[in-house]
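Presented below is the structure to which this report refers.
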Amino acid sequence: MLIVMHKEAGDRELDAVIKRIEAHGWEAKPIPGGERTAVGVLRNKGPLDPAMFLDLPGVRDVIPVSKPYKLVSREMRPENTVVRLGRGSDAVEIGGQQLVVMAGPCAVESENQALEIAHAVKEAGARLFRGGAFKPRSSPYSFQGLGLKGLEILAKVREETGLFIVTEATDHEVCDMVEDFTDIIQIGTRNMQNYRLLRRAGQAKKPVLLKRGMWATMDEFLMAAEYIMSEGNDQVMLCERGIRTFTTHSRNTLDANAIPYMRNESHLPIVVDPSHAAGRRDQVIPLARAAAAMGVDALMVEVHTHPEQALSDGPQSLYPEQFHELVTGLRNMNISV
Amino acid sequence: MLIVMHKEAGDRELDAVIKRIEAHGWEAKPIPGGERTAVGVLRNKGPLDPAMFLDLPGVRDVIPVSKPYKLVSREMRPENTVVRLGRGSDAVEIGGQQLVVMAGPCAVESENQALEIAHAVKEAGARLFRGGAFKPRSSPYSFQGLGLKGLEILAKVREETGLFIVTEATDHEVCDMVEDFTDIIQIGTRNMQNYRLLRRAGQAKKPVLLKRGMWATMDEFLMAAEYIMSEGNDQVMLCERGIRTFTTHSRNTLDANAIPYMRNESHLPIVVDPSHAAGRRDQVIPLARAAAAMGVDALMVEVHTHPEQALSDGPQSLYPEQFHELVTGLRNMNISV
Amino acid sequence: MLIVMHKEAGDRELDAVIKRIEAHGWEAKPIPGGERTAVGVLRNKGPLDPAMFLDLPGVRDVIPVSKPYKLVSREMRPENTVVRLGRGSDAVEIGGQQLVVMAGPCAVESENQALEIAHAVKEAGARLFRGGAFKPRSSPYSFQGLGLKGLEILAKVREETGLFIVTEATDHEVCDMVEDFTDIIQIGTRNMQNYRLLRRAGQAKKPVLLKRGMWATMDEFLMAAEYIMSEGNDQVMLCERGIRTFTTHSRNTLDANAIPYMRNESHLPIVVDPSHAAGRRDQVIPLARAAAAMGVDALMVEVHTHPEQALSDGPQSLYPEQFHELVTGLRNMNISV
Amino acid sequence: MLIVMHKEAGDRELDAVIKRIEAHGWEAKPIPGGERTAVGVLRNKGPLDPAMFLDLPGVRDVIPVSKPYKLVSREMRPENTVVRLGRGSDAVEIGGQQLVVMAGPCAVESENQALEIAHAVKEAGARLFRGGAFKPRSSPYSFQGLGLKGLEILAKVREETGLFIVTEATDHEVCDMVEDFTDIIQIGTRNMQNYRLLRRAGQAKKPVLLKRGMWATMDEFLMAAEYIMSEGNDQVMLCERGIRTFTTHSRNTLDANAIPYMRNESHLPIVVDPSHAAGRRDQVIPLARAAAAMGVDALMVEVHTHPEQALSDGPQSLYPEQFHELVTGLRNMNISV
């Protein structure tokens, strides 16, 4: 934290600032400049709130310096984290050499639906099957998912196809059930700051795919991952799924700039969900290609054999042949899928 | 929902659109115009996803028409909802003739702290005491609230001062405890789409103060209130607490435009939290005055006797004398507080 | 500027940073902390671009410290600037004790229209007449204003009613004409960074009302005012007119937080335009009341006797009786209008 | 335009709506639904302002239907526009089969600097040289460009290297000079709604590269292109260069979703400027790769041999070897550069 004094501020104002810093047990380091003085705050643990000094007389500005997170930081751990699923020739590594593709419907609707889609996406190159058993829906009147039965269908999909499973835990109690059935626990965008769920996921024995809140800064997103890691789970993946902006030509805006930023700032694998970033089918393939070209570790894509009948998010789901075309296109870009 | 066809679209494309509408059991109503045809969708229950038709050939644009909510709508209930606390001369009405002020610290830290602040805000004109016992914090390393002990302190505050209590329930289990102790259950901005919590609050016997997610559109905010009401609780208050924008001179941006919009669109009482909308003390009084001048039903203001020692959000808390000055200023504007 | 080094950065990386700072003729001041070192940059004139150091090895973060503006800053000039129009009992002071109201149609359409509206707003309490003679329109097919003829009508309005005039200069050539006719030169939101126009306005002998770009941060807005002042014109007013956010319930979002921020940061008078901030009539009066309650120096309100026939922005114009009600309401709040 | 009535609205309210529509010479088409009636507006030229009907009693909502632009629309012209520079084997086609790369410094600083960079980018695969002679700078105290001398240097670059030239016209007078020297006239982000400049560019004999305003919706951006085309110039390119969002980890956010949207909606060539979208060197290559993978027609990249000494935007400029690496990387993705 750096506290910038007014030009006209005198010793009395400066002393008050130093006193408040020291009252917290921190160290104050005045830095006299040409026009004005600044005061650095040292020996604080964790970041401070700028507003803490803004009300003192003679203070012009207060500037945060430290990052709030530690465990997720590449500074803490320079080498990439790799999330491994399975063993031997069937193993999948997220954060390794290959781009891993996760695909499937928004929601699990029936065993037939899930199996039909699973076979189609496996054939096209997917290694994980995605599908929600518990659905957070913005309307209380919408389909809320099959619940436990959906989880059993997912287990069946894994058994029949060999695809690994990723599915969402919508609260800390649901997480108990999901952990038993899934290979990766997904935390959705609306729950990015559901701290009780984050802590529960941090105690899980399974890897966690954390979706960025559509409103979240990088600091907030990385702090949510820090919550999970602080409970002992270091198998966390960061999923960019679009942010809220002023635009109206798509449901969200893929934050492409976040990809290289996260790569520099964190050692955790990066996943992109082009389906929710787009919200409409005709933008999904371009966004998926963009993400792949930036070197993300995994893509999570909604695919449905009958999207017009889907109970949730059908209109952003690719048809299986479009998904096949997407994977083929990525291979034509010399990306190893 | 209105589906707008391309100029060049012919009968075949139009038929495909009509067929998809009818396949869902809805009615299609073509509206031929000068240059192109549009198709209205009728008899659907609840709003549709525009993307559902965007992939059909010949479709240029799809435009939502219906609002997704019902119970919260002023169309459903033209007269204002009034939330009543207590009886007789001590009763408080939120949504009535007077501006109700809720004030107190961000977090309950100790009995002494809570009582000292409660007496101060009561004297200045507050009718409710606010203070968190369970705190959602963006860092896992920060103070998380006193929990049950905090609730007991709040009960003591009510007993000693006669102030009603509003405090946050951070998840559905915590809500069981909070409901026993509080007069109003608060749902925080990060939980605006925690649907399990919303349903739980909808089953509570106490009124609910719902804070808007900092990213939420009006439709999303009103749908969150609809979740609560759909479980049978019609004592819901809508709290604007600032949205996330590109600006950096404040923690959030108070969405002043939302106040008259909500007044027109919903019958529920409107509360403004200028403290979180500002994030820094020097903007709180101006924002509170602005909200009061627009005729909101209640203000929720953070006040602390020793903000520099506060364990949470001290820098946006008013000193008691500033709070007093705020209330006096509102009365000078001929607002009945 | 503060350059924050990686924990692991050694002397070599630090030296490279210092060398680059000194190569620009500035002074480098290393500040060793507990975990890492930061380097302050001193003796630079004007703010630096953070990216200038981000590419050096061992640099973790670069943080701007100085504000980019000088002349507009309250630090430079502690007392408020007052813009004075006219003399004697007819004089108007913007930035003085009274709230000044500017009112009129979006565009001057005819002499009759202008005079009818002018008489109405004067009677209700307006001191300036607003109306565009040159209109920047987002469609090339829309009404673009009466041009010179519009300016002549404005002169007539002043002569007949005694109201002062404020009207927009849309480019540097138009500014020559506008300066001759008007009392205040308005620069519109789309031209906030039209630097040639800003310089031209800075050479004018008339005060300038500068509207904030709907995308502009406070730094950018204040720098645009600095452009004008740097040419010698110190009669500048800062007009907040709404920013672009993700919301859709209003055309723009009034940035209420900006009002106290500008008051602290600058000595220039503050104007609010609730009409453009709302974009729809039913939000104008609440926003105007909010601005007045925050102590702004002037309001700029669109009023039209026949808004349904207006050639531009009719739907956000108040009817004269609504305008009268607004002014009366402000007086009931004990605001001197 | 579709006007949605309240459930309770009766014949009187409906008649008033119809009357207002017909008063403008348009046609009103009532569409009775299950719960309420909507009214379509037909035979209007160009889009209407929703607020025009929002104030009528009984009106619940007003929904725009038509797009405001024509000439830029793919509906008007289904085949892609191709911008051609030069003839024979040296010809360049933007909007053709190849990805065209434009590269060079932010500002022309000297003949030596320009030639050195030009030779470097040509060798790596660029076909156009970019460089500003007139610079719009947010501070009045910054370097403003070499002006006419800069244009002469650009002419020299073309002569010596055979690269085509793209440079910015900052206002309508400057456009006269720029048109004489350049191959493509660039209009900058801050001038996207400088209508006088847009009209002037529409009268030019040279193609125009129009940068999107960092705040602009797709409708606003396409309307700015419509301004240019409405004056007779149909050689217009749409350049996405990042939008303003709440994020702080980059100067702007590349709106990746806009690329497929513009491709569907318009026949004009699409250019992406990853340098300004990033604002920092370490994000430029990833964003350029993302854009190329989405099939844009051209990239505009800042390159500088000594970015640390650049007078403008050095920190976002690639070194020549990074630029070479970028082009090589694109070719490895099987993109024809």
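Residue numbering begins at 1 within each chain, and the chains themselves are lettered A, B, C and D in the order written.
Following the convention adopted for this analysis, a residue touches a chain if its C-beta (ideal position, glycine included) is under 8 Å from a C-beta of that chain, and two chains touch if they have at least 3 such contacts.
Because the structure is a prediction, the values reported are computed rather than measured.
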| item | value |
| --- | --- |
| Magnitude of the superposing rotation for chain A and chain B (Cα, nearest 5°) | 180 |
| Contact-richer chain pair (by C-beta pairs counted) among B-D and C-D | C-D |
| Distance between chain centroids, defined by C-alpha means - chain C, chain D (Å) | 26 |
| Chain A-chain D separation of Cα centroids, rounded to whole Å | 31 |
| Distance between the centres, which are taken as Cα means, of chain D and chain B, whole angstrom | 38 |
| Sequence positions of chain C contacting 2 or more other chains | 215, 244-246, 248, 282 |
| Residue numbers on chain C that touch chain A, as the complex places them | 2, 4, 6-8, 29, 31, 33-34, 38, 40, 42-43, 60-61, 63-65, 67, 75, 244-246, 248 |
| In the complex with chain D, residue positions of chain C that touch it | 20, 23, 45-47, 49-55, 68, 136-142, 170-172, 190-191, 193-196, 199, 213-215, 220, 223-224, 226-227, 230-231, 244, 251, 279-282, 308, 313-316 |
| Chain B to chain C touching residues, read off their complex | 215, 217-218, 243, 245-250, 252-261, 264, 277-278, 282-283, 286-287, 289-295, 332-335 |
